[in-house]
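Multiple structures follow.
Here chain A shows up in two complexes: once beside chain B, once beside chain C.
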Partner chain A sequence: MSEKNQTFLEVKDLTVIYTANKKIVQAVNHVSFSLKKGETLGLVGETGAGKTTIARSILRILPDPPAKMLGGEITMDGVKISALSEEEMRKIRGGKISMIFQDPMTALNPLICVGDQISEGLMLHSDISRDEARKKAGEMLEMVGIPASRYVEYPFEFSGGMKQRVVIAMALACNPDLLLADEPTTALDVTIQAQVLDLIADLQKKLHTSMILITHDLGVVAQTCDNVATVYAGEIIEYGTKKDLFLNPCHPYTVGLFDSLPSMVGDEERLKPIAGLMPDPTDLPQGCKFNPRCPYATEKCRSGEVPNFEVSDGHFCRCWKYAKEAI
Partner chain B sequence: MARYILKRLLSMILILIAAAFLIFTILYLTPGEPARMLLGGTATEDEVRTMAHTLGTDRSYMEQLGEFMINTFVRFKFGNSWLYKVPVMQEMNNRLPHTITIGLISMILTALIGFGLGIIAGTHEGKWQDSVTMAITMLLVSMPNFWLALLMIILFSVNLGWLPAYGIDSWTSYIMPIVASTLGGVAMQARQMRSAVLDVVRADYVTTARAKGQTERKITMRHILPNAAMPAITMLGGHLGGIVGGSAIIESVFSIPGVGLYMLAGINARDYPVVRTCVLFFALVSSIAMILTDIGYAYLDPRIKARYTNRKRKEEKEA
Partner chain C sequence: MEPLIEVKNLKKYFKVPAGINHAVDDVSFTINAGETVGVVGESGCGKSTLGRTIIHLQEATDGQVLFHGKNVTHVEGNDLKQLREKMQIIFQDPYSSLNPRFRVERTIYEPLKNSGRFKSKEAIRQEGQRLMDLVGIDERLRSSFPHELDGGRRQRVGIARALALNPEFIVCDEPVSALDVSIQAQVLNLLMDLQDQMGMAYMFVTHDLSVVRHISDNICVMYLGQLVEKAPTRELFRQALHPYTKALFSAIPSTDITKPFQRVQLKSELTSAINPKPGCRFAPRCPYATEACAQPQKLEEIAPNHFVSCCRVKEVN
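== the complex of A and B ==
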């Protein structure tokens, strides 16, 4: 709506826990970030870091119980969506904000034909007849490369990659302002992956959609994102432009993450995995969450929260190594 | 779909033939000669031999079996009662209405109430609706139906005098038998439906529907219930069969002149034509119940539906 450089989505101090067997999983801890109109933010981080939980919190579809949003304020387009009533939020879901789910195999209702699952959302958010919705849903299918004649088929008649495309068609059907794409290409083979990313990029350009892209795949990040945030144990530990993170990764974890990529040019003989495991989210370490695995950890890292230091303009990192620059 | 139903009907006929074979063989192998049992202890050897000849029980197993199978499945003749000499079918016609009334109403109630309670409990997990339903169904599942029937007789007939304790005089006579043969199945069906609902409410596609902005009511109606009904429907067939099977017990407790009681009398008197016909009737009713639930299942599950309509759709596509 307004000019391009204005903040479109702002997440402040988001904290989410899961309660499982009397244990508390600290899935997301004080996460803040913002996103401009038309921009793409990549969330990277290993499995269990809390990426999906962040996306679901924005759409307010956390499973409650066991999930509980302890704190946080989410503002989109000037509206504080974290404070909306359930009914108002329902109208935003699938309309202004939509989500592509991680697992296409289970994201579709096995008993409803795929076309009807797409038109279901269309009829909820625009004032169109059933026939018009069907027609539009057919067009959406064509757009993701599935013949519209397969409208009447059921999810079991589709391959995993095609299901993922149906899920994408479903998410894009109502021209969302914000797209939460949770590993949209993980289930796809490389050629289709590129097609799907192009497709999303096209739409983004056309509709000026902002996107949060969750992925393990740094190649996908390089191809699509403007900014990148590294998520570790429920925290954003580094945030910056794509260039910042690829050319000048600062946090030892980000460095390790990017190092563990196979390199085309280098002649390193082996990949370098990051030593150690993600901490148990029910029992996070004191201080920096990465300190047990960090080769540079000092006494300071083992107590107290690490502040967010600005390494360079717009490039933030939660690591004491950069304290000098900040003060 | 027609192909599917046809296939199920064919398999039902096979099941009935198998049931007829089994019941005939079991009765044949039962120790004790029917002719002697029918005549009583005072009969002479000669009388027994003459009787056995009249009944045809002095012939070989194969001869008797062949005659029985042909009579049953080709001529649709079920013979006369050995004890009362009247055609079994004539007696069945008098008794069927009672058994079918109780059975049919119980089946419908089991399905409706069982599904309804399960849905309420499952969609209110942990709330009072859930706890109350679970407590009551737990109690009912562990209560044998004849005992429940006796308790009801003591309360409603003996103490309160509201309902007749036995026989069939008016529609009020049906109330207690129906309740007694319904509650156990209702309880089991409700518990199964509840766990099916609990499985489905956490399913990803329910979250997908919510993410589309669908209302909670529609999410329950369109996404949760049909999916939860699938496993519960499979169970339903078994419970419906159980109701028919249980009719012998319920009819004895309430002295209802139905097929179940007829079968028990037949067993006691070694009146084999009666026993065979009753058993076949029960087999028929349970298979019909099974088929109906299978068709319901196929109707809901596109995977089964597709298997039988694929050809048609492919042709359409090519056209």
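== the complex of A and C ==
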């Protein structure tokens, strides 16, 4: 547990834009966060908030053009991976860092049997023979609960939940230090989701992997994460431990997210949705990006960047409401 | 009181290369006027097929659908056209259920025009505008094309279209599952407000249990084409009796972090409803299954209005 306190991954001032139809989409704006060894960080937010772009820019798999990383520094285990050459990066991808993609139906190659898709990565990253890689891939399949005898089957022969488990086996095959899980359970039914989440948690414990979990499902976050960051319009607007965010959400947007969920316990008559819509990313509002939808917005919120205020130890919130506590 | 809709032993089978898919198998329940019945289950359990068969988008294989006591299972021609005015559907995917070449206005005028209820173009326009006001489509968006709208607004167009001819019954087929939570809440509120104003009945198909708990009066739980449990919402959430319902409820990740998660672990995953064996279809995954489960199961009333289809329900609970 002692090594847990070391910062493992550090993202500083990450900024990514997309260019589309001569318009500039500010997808990620000055995002900074850090992750310790073995820790799980949840990135929550709505569609288009920039969660996936953050994960993809860590792995440097954003298509350029249209995407462009304007600034930022990503350091993992003391190595500045944002400055590595493409060749060096390829050694890291799928080895030290791997990603579970959102849609298991499209993440697998339909023309290659699932076992070979797993062993391909193994052969690339660890210096082992084809036979050894095959054996290891079979073990990985067993680990995610698929009989090794199904090694030679093709993706179409598996159900959605099983395909997702193949994708997980693939991501974990090389014992990555960092796992980027992009909505790993969104396409699955709840009973299967429960199995997959348990599986990831087990493996994480066994292999001591750090994980960034991207999701819009707050229930999944509550179950798996240590720390949580709320992402809105390409910014982290609130960051804290799971306890901080779930028991004492501070940013009006985070509060709004919790309020708009139908509760499984209480007896509310009407839901309280957040008014309005996400801002157009080609034309973000001045000041706090949330101000047009925020019930507490004042003049101050409409001009200038909002600093990150520390609400309590380790709990940060980008909202002027918490200015006093900080000073 | 006579129920608005009575579904009796409804069956819908599909022929597939591997055999016969029993998508909906012997399902019976009723929906009263102004009431919301939630249908929950995992993907592939036949809940959408059930909705589509009830409103006659698909021909039923066997069984009956009664509307105001009248058998409408196999109506055709003019009768069917009239029935369509009374029974409508809101589709799951607001991205593919709108004609991409129709402006928002035209999508909504279309059913008004087809009904022949309105004598002039002006009358259609007025009614169309009223509907768009009702569901909250801004003036400036009315001559847009669907691709210019976001999911929540598109779903509002789908809702306005379903409401156009004052139906008495609407099948809501996962109307919010493609939407983000904050937008989902807006659409759910809209659906509930409209029901208060106009008094139509909903059959609400979803896999999201917190949504179904919020909106429904009664809930039917389906597993591989069969109804395994039905009960009033409160009763079901107070005490789920079928082992599948229990597992389903325990699998929902709760946002309450003060309580530890206690999940009922299920073995393997959903099998399919193709050429099923007689007996309980959940048995292969059920932690309580015994040999008795290989016999066909019947829905039985265990508590008032609480029906369960499980031979071991007494021992399990």
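Just a few scattered comments:
Everything that follows uses one rule, which is that the second predicted complex is superposed on the first by the 325 of 327 C-alpha atoms of A that agree within 3 Å, B and C clash if a C-alpha of one lies under 4 Å from a C-alpha of the other, contacts with A are read in each partner's own complex, and residues count from 1 in each chain.
We take it that a residue touches a chain if its C-beta (ideal position, glycine included) is under 8 Å from a C-beta of that chain, and two chains touch if they have at least 3 such contacts.
What you see is a predicted model; the values in this text were computed from it and never measured.
Applying the stated clash criterion after superposition on chain A shows that chain B and chain C can sit side by side.
In the superposed model, A:L247 makes contact with chain C only, not with chain B. When the shared chain is aligned, no partner comes close enough to touch A:P295: not chain B, not chain C. Which of chain B and chain C touches more residues of chain A is settled by the count: it is C.
When both complexes are overlaid on chain A, the residue A:E46 reaches chain C alone and has no touch with chain B.
Judged by the touch definition given at the top, the superposed model places A:A222 against chain C, while chain B stays out of reach.
Once the two complexes are laid over each other on the shared chain, residue contacts for A:H125 go to chain B alone; chain C is not touched. When the two complexes are overlaid on their common chain A, residue A:L59 makes contact with chain B while staying clear of chain C.
Once chain A of one complex is fitted onto chain A of the other, the partner contacts of A:D189 are limited to chain C, with no touch recorded for chain B.
Of the two partner chains, chain B is the only one touched by A:L108; chain C is not. Between chain B and chain C, the minimal CA-CA distance in the chain A superposition rounds to 11 Å.
Counting contacts as defined above, no chain A residue meets chain B in one complex and chain C in the other.
Only residues 46-47, 159-162, 189-195, 197-198, 216-220, 222-223, 242-243, 246-247, 256-258, 260-265, 268, 270-274, 277 of chain A touch chain C when the two sit together in their complex. The part of chain B that touches chain A in the complex is made up of residues 202-205, 207-215, 222-223, 226-227, 230, 300-303, 306, 313, 317. Those residues of chain A that touch chain B in the complex are listed here as 59, 61, 63, 90-95, 98-99, 101, 103, 106-113, 117, 120-121, 124-125, 149, 152, 154, 156-157, 167, 170.
Residues 42-43, 150, 152, 180-186, 188-189, 192, 207, 209-211, 213-214, 237, 247-248, 250-258, 261, 263, 265-266, 269-270 of chain C are the ones that touch chain A when the two sit in their complex.
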